[in-house]
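So, here come the structures, one by one.
Two complexes, one shared chain (subunit A), two partners (subunit B, subunit C).
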Partner chain A sequence: MRTLFVAASIAMSLFLSSTSFGMGAEDVVKKSQAAFLYPGKDFKARVMMKLINKDGQERIRELTMLRKNFGEPGGDQKYFMYFHQPADVRDMTFLVWKYPRKDSDRWLFIPAIKLVKRIAANDKRSSFVGSDFSYEDVSGRAVEEDNHSLLREEKYEGKDVYVVKSVPKASESVDFGYKLSWIDKGSFIPWKEEYYDKRGSLSKVFTANEVKPVQGFITVMRRTMKNVQSGHRTEVVYSDVKYNQGLSDSLFTERSLKNLPREISR
Partner chain B sequence: MKKFSLVEFSVDHPKLVVFLTIFVTVLFMTQFTKIKTDTNPKNMLPATSDVRVWNDEVDKTFGLYEDTIVLGVVNDKGILNPGTLEKIRRITDDILAIKGVAARDVSSFPTITNVTADAGTLRVAPLMTQTPKNEAEITALRKQLFESPLFINRIISPDGKTTAIYAPLEKGANGKEIADKIREIAKREKGDEKYYIAGDPVARDTFGAEMFKLMAIFAPIAGCVMLLVRYLMFRDLFLSVTLMMDAMISIVWSMGLLIGLGFPVHIMTSMAPVFLMAIATDSIHIFNEFYFRYREKKDKRTAIIETMQAVGRPVRYTALATAAGFAVLLFMNIIPVKVFGGVVVFGTLSLRLLSFSFIPAMFTFVKDEKISRIAEAEDVGLNGTSRFLRKLAGFGTHHPKSTVLVGFALLLIALIGISRITVNNNMVEWFKKGSEVRVADREINKSLGGTSLGYVVGISKEDDFVKNPETMRYLEGLQRHLEKLPVVGKTFSVADYVKRINRVLHDDDPRYDVIPDSKDAVGQYLFLFSMSAKPSDLDNVVDSSFKKANIWVQLKTWDAKAMETVIRAVDDYKKAHPIAMELKPAGIAYFNMIWNHEVLWDMVKGFILALIAVLLILALDFRSIKWAVIGYMPLLFTIVLIYGVIGFVGKDFDMPISVLSCLSLGMAVDFAIHFVSRFRQRMAATPDEDVSEALLWTAARPGKGIMRNAILFAASFAVMLFAPLTPYITVGAFIVTMMLLSSLMTIIYLPALITLTQRWLIKGGTK
Partner chain C sequence: MGEGRLQMELSQEGPLDSRLYLKGDLIGDGVGEKGDADLREFYLDHSPFPFLDVRLGRQIITWGTGDLIFVNDLFPKDFTSFFVGRNMEYLKVGSDAAKLSIYPGLFSMDIVAIPRFTPSEVPDGERLSFFNPFAGRLSASGERLSAKKPSFTLGSTEIATRIYRDFGSYEAALYGFRGFFKEPAGMDPAEGVLVYPKLSTYGSSLRGPFLGGIGSVEFGYNDSREDRSGSNPLIENSSLKYLLGYERELWSDFTVRAQYFLEQMLDYGEYKATLPAGAPVKSELRHLLFLRLTQFLRYQTLQLSFVGFYSPSDRDGMLNPEVTYKINDRWSATSGANVFFGKKDFTPFGQLTRDDNLYLRLRAGF
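Coming up: the complex of A and B.
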């Protein structure tokens, strides 16, 4: 069904498009987001993050991450995170309600003072738990915020990819000037993304290092974001990945921050 | 007597000698195309020196930058208005786009991380994401600025009239070039705001660049002044040009050698040409004597050879003394100083070789009639200068006791002055008071925390040690202690973030503006902060294992002394409050302190070595310790008097002065060598003449050469008094004074001393 749709849209855009490439750049990006950020109805994984500086010194972040989609790909999502490491933040929990068209709502439970606090941060610039990923890198950026264009089609490490250039429409709201993505023609997983700063020099590089199907969903098990200017990088490894567990809505509420539901500690 | 035959050979084959000289010069000149320059004064200390290795390590651990440029923006009506804020936003954006600026870590209103509480919500975000448009937004911004100790004195002055944009530089970026670009950006903005650009890289790289420029301007001007003064002295263009060529050739040889060997031309070596030009003036003694001899002999060849016989020895030994004075630099620790010493030694020796070959050869080309015309004027009895010098020397000879007493009185007063000298160095003060660099520094330091940055790094042996509430409180206590120092404008550390978060988490309740009681709370606060802030915010103040903490100390002055007081205060605090943490200074302010210290003491060491070397050479030349001591006196007096004045005037004993003292020795002693040598020659040649008559003759005839030499020397260095950088003015003033003083000392004081001690001297010495 999906391939049929893709084939149809390729045929359509071949016929119609002014870009002269296979399909419209915006469609490619939309599909890529659906495959990369929205697979399944819900999702659970153990996430190990290594924040590594230029000299190889590491900081560890280990957490359990749950995600549930509300609506179609590209729509609202809720995330629940439970930290295991570093030791002094054990039991810290973090809830994110993500809306594609405005800043997310976030709550954090701080066990030392037994307090749930709402946190406001700028998705576009803030780092995700001190890593080289911004919140937006983790949860995505609304497709219509950028002008997308298909630069070319090529082979990336033996795979057929689209190379898409995305230029933010409101440049003052973000830190980068434009982004290039190497998107798999079959799975629509982004193999590589290059972020360029406003001076036009390369600033950050995302790579998907290991990809495998889990319950039929193509999943990026290992990924890296490297800040090429500072030499700092973040390596992320997923394990215990499970889709469609039937996570309940009540899990993604302020209440469960303090009183961890069994579904998570399990 | 090998040298001797060189003179005869040169007189007999002048064309060959001149051709060979020019040929060798051209060979050296071919090396000039390979020139490499190094304008960074920091390179006085090699990259492998302890302080640079340590600073690099600290920079690495905390993700810091070696150099930061500070752009101060001042609006007397206050900067918190939509117009000024919009300009700040625009300028920040443009600065972010400059290559070489570490854009990710620029601190300014639109980029600096802000932690606030807003209706029960904790907000971690850049302070100003959009320019406020109305009064309400301005008020909100004002509140945030003034309630966070992280901002006050850093990006906002307490009176709200000044802000600063801090632009850290990537490694290897040129501070002056980036500063120039920032200047251009600021220039585009119109309105009431004033812009000031400061920071160590601005001062340092501007100084380095200016220094090169000045050398390229001043060396030729000094050369022209010398040419002119010489022409006025001898009225012979050909011979004046010869003297000039003598200097030029030695400069080409030594700089050619330097470049050929692959050394970069450092700011220190860029001064070598001017020094060589000055040293070359010594050959004036040859000219001086030549005209006297010609008058007596009327034969060019004999006059040349006899001249060289008479002045050969003092010329050789003054060269040796000068060379020795510079050669001690070869034993110093600082490489550019060594290289400089080597270049000048080589140049001085080349000059002497030329004095015995090229100069005699050139004499043969001058027409006889011309020489006799000039020589007519050179009569000891008739010539005004000579008569004046005779009178001067007569004062010393006839009133030896009072002369020596006055001398001693001056010496005592000078010693009091010396005791008042303070050792310090301040790079910003190398620029004149009204210069852009200095004005900018003054303006920014007046209202903000300070343009000079030092660090105090706490190093423990235990992971997460910094997260202990005790450690946090310790850092805080140390900060408050340091902030009591008048030179410290602002400090900040990880403790400031923890306190800020504690307060914000508790609904901005000021009672929570303290370090929390549990280690877990500290850890969680920092984690929370790192969840949203820029990675560098935390990296700059703690290492990844939380073993080390870094306190930023902003200083309001570039005085090397300032960092010393900080280090002392840290030590005092540590003594009073022991903790299992080592506290070590770092940062550019610390580097400047060490740099200043090393160069300065290296120079003082060199100075002492040079004093000894010069005394030895005098003893060797005169073959008598007694004469050496006597000949040493004018030099000693000159130096002591100059330092006495420096002490009284209150000028710091800084790096330029220390470099100079070392260099001046070998040059200031020249006159005494000429005087004593020629006096003793005269005594030997005319045994019947009494001592005072011999002294007066010496003052009138070789003394004229001394006076000419001093004036020539002083004239060429006087040019430097008009330089825009204070170290040049210092060098100029120092050398002019030294030349005039030491020549006067030689003409007046030396005869008085010799008259008083003649029994002791002559009995045990010459005969």
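Coming up: the complex of A and C.
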């Protein structure tokens, strides 16, 4: 009788934990990265970035972005970017080979002097093209680099979400103290992320403003990163989103950097 | 100097995956009070096979691992533009060339044929003073350097090749060149002009991640074909060139690049033995240190940079601090200074000590 009672209570507590804390925080973050950064085998989009300062002055960055996955979500990826606007970066191309567990390889092609420049990439928190997004915000941060904990589950603008706190293990390597993420329980898209500085004050806020399925993949079509301390923000709009186009490996090479294939410029 | 430039660019896609590209500058020169035009690039691209890209016409070609120091890149440059503070894009000069880029799979290869010789622009007395080797002193005001280009014959076509591939994150390359010095490295005392002697080069490079940044090594052997023994004092000797480079982002938006360049003159004994009395003596080893610091601020609208060269062997160098402010997506303003120093008039930077300058550039892009 006694053994039965113990067994029943264990079963009960397991059941409770699986409902209230459905999965581990790290699993939530892994699934979120897979949904947000790795959907499809490959991806292509036209990206319009608006960099807006606190006085409302706008600068723009318009580019075509291609991504291809190599292996499972969380694994290696290659990115190719071609800049359309503004004039001082027009026709520049940028290639990233991302390896989650070591520094990415990055190359920038400067058309005016036909120079393929290798970019030192050890600081992933540097601003991407002068925007509020860092390189890491664009291509992701390895799950193992942070300690993740599930703070709570709640509703965010009517959607069921997990709220996850992520604390960098090597705090000296990053410019933030910790991050809170509001991750959709169904799609695992992050609706909101708050970055806190090392003094614990809110510094940057990411929001997914428009999300829709494209070829069955939930896609964040509009997003914003706002620096609440400087008042500067960056709004990003995706268009012409296409998945699984069978992008060839040869697109992600030095040859494409220097001699842009037509399938990219169009 | 005061100079206005209007640059126009035209790109036209043609049939069979071809593309015609043109970039030209109209120049209003406040020093010479004249107008000029500069056809920077004008070429046709075509890919007749999936493994082959062909580019025909006036084109800018760049390769190698150096930043402002070139070992295996024997394509023409315009150092005058750099020394007077023009935009970096004017450092490179187009070559009238045919370039084949071949991608068989295991490696990649470029073959460039340049039928018509284009020299590098070097200080020639028009804007910058130069060391006059005939007179053994710095150029006087109004004095011009005159140099005679190689004659335009079938045999004078220059050939440059590069074979390269990746090994993981590391990029390796082999280089070869047969043509002429791009700087006037020889003298013709009979005519009283400088000449561009025959030159072949062979080299290699490796670049990749190193100590949290990017490291590179490059080597080149310069074969001065008209003075293989080194005994002709009128023509530069053969040499070995070594370049080490390292770049690292020390903190967000702050990058440091350091380079060490060593040039070793070969047959130095012959050079010393045959040098005319009274002529300046170059050292056998030329060491050159290079530092570039770049800091972006305010969402990369403000860029502070510093470039410095210092040669412990020549005891000369230059300093180039610069600030660029991007007013908006169209307009940017750049201001900087070039300061040259050196003990001797005949060293590369020492000849420019009277040419310190401040510059201000306004640029609008549409």
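Operating definition for what follows: the second predicted complex is superposed on the first by the 244 of 266 C-alpha atoms of A that agree within 3 Å, B and C clash if a C-alpha of one lies under 4 Å from a C-alpha of the other, contacts with A are read in each partner's own complex, and residues count from 1 in each chain.
One rule holds for everything that comes next: a contact is a pair of C-beta atoms (placed from the backbone, for glycine too) under 8 Å apart; a residue touches a chain by one contact, two chains touch by 3 or more.
Worth saying up front: this structure is predicted, and the values here are computed from it rather than measured.
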item	value
Three-chain arrangement built on subunit A, subunit B and subunit C clash or fit	clash
Touching partner for A:R262 - first (subunit B), second (subunit C), both, neither	second
Which superposed partner A:G130 touches (first subunit B, second subunit C, both, neither)	both
Which of subunit B and subunit C A:K54 touches, first, second, both or neither	first
Touched partner set for A:E254, first subunit B, second subunit C, both or neither	second
Subunit B versus subunit C as contact partner of A:E154, first or second or both or neither	neither
Touched partner set for A:P86, first subunit B, second subunit C, both or neither	both
Touched partner set for A:A120, first subunit B, second subunit C, both or neither	both
Which superposed partner A:Q229 touches (first subunit B, second subunit C, both, neither)	first
First (subunit B), second (subunit C), both or neither touched by A:E210	neither
Superposed model, subunit C segment overlapping subunit B, candidates 21-29, 39-47, 165-173 or 291-299	291-299
Common interface residues of subunit A - those touching subunit B in one complex and subunit C in the other	51, 53, 57, 59, 86, 88, 112-113, 115, 118-122, 125-127, 129-132, 232
Touch list for subunit C against partner subunit A, complex	13, 17, 45, 47, 53, 59-62, 88-89, 91-92, 101, 103, 108, 169, 171, 207, 209, 212-214, 216, 247-249, 251-253, 255, 296, 299-301, 326, 328-330, 332, 363, 365-366
Complex contact set, residues of subunit A against subunit C	51, 53, 57, 59-60, 85-88, 90, 97, 102-103, 105, 112-116, 118-123, 125-127, 129-132, 134, 175, 232, 250, 254-255, 259, 262
Subunit A residues within the subunit B interface of the complex	51, 53-55, 57-59, 86, 88-89, 92, 94, 108, 110-113, 115, 117-122, 125-132, 172-173, 197-199, 201, 203, 227, 229-230, 232
Interface residues, subunit B side, partner subunit A - complex	60, 63, 93, 96-99, 102-104, 118, 120-126, 129-130, 464, 467, 505, 516, 518-525, 527-528, 530-536, 538-539, 543-545
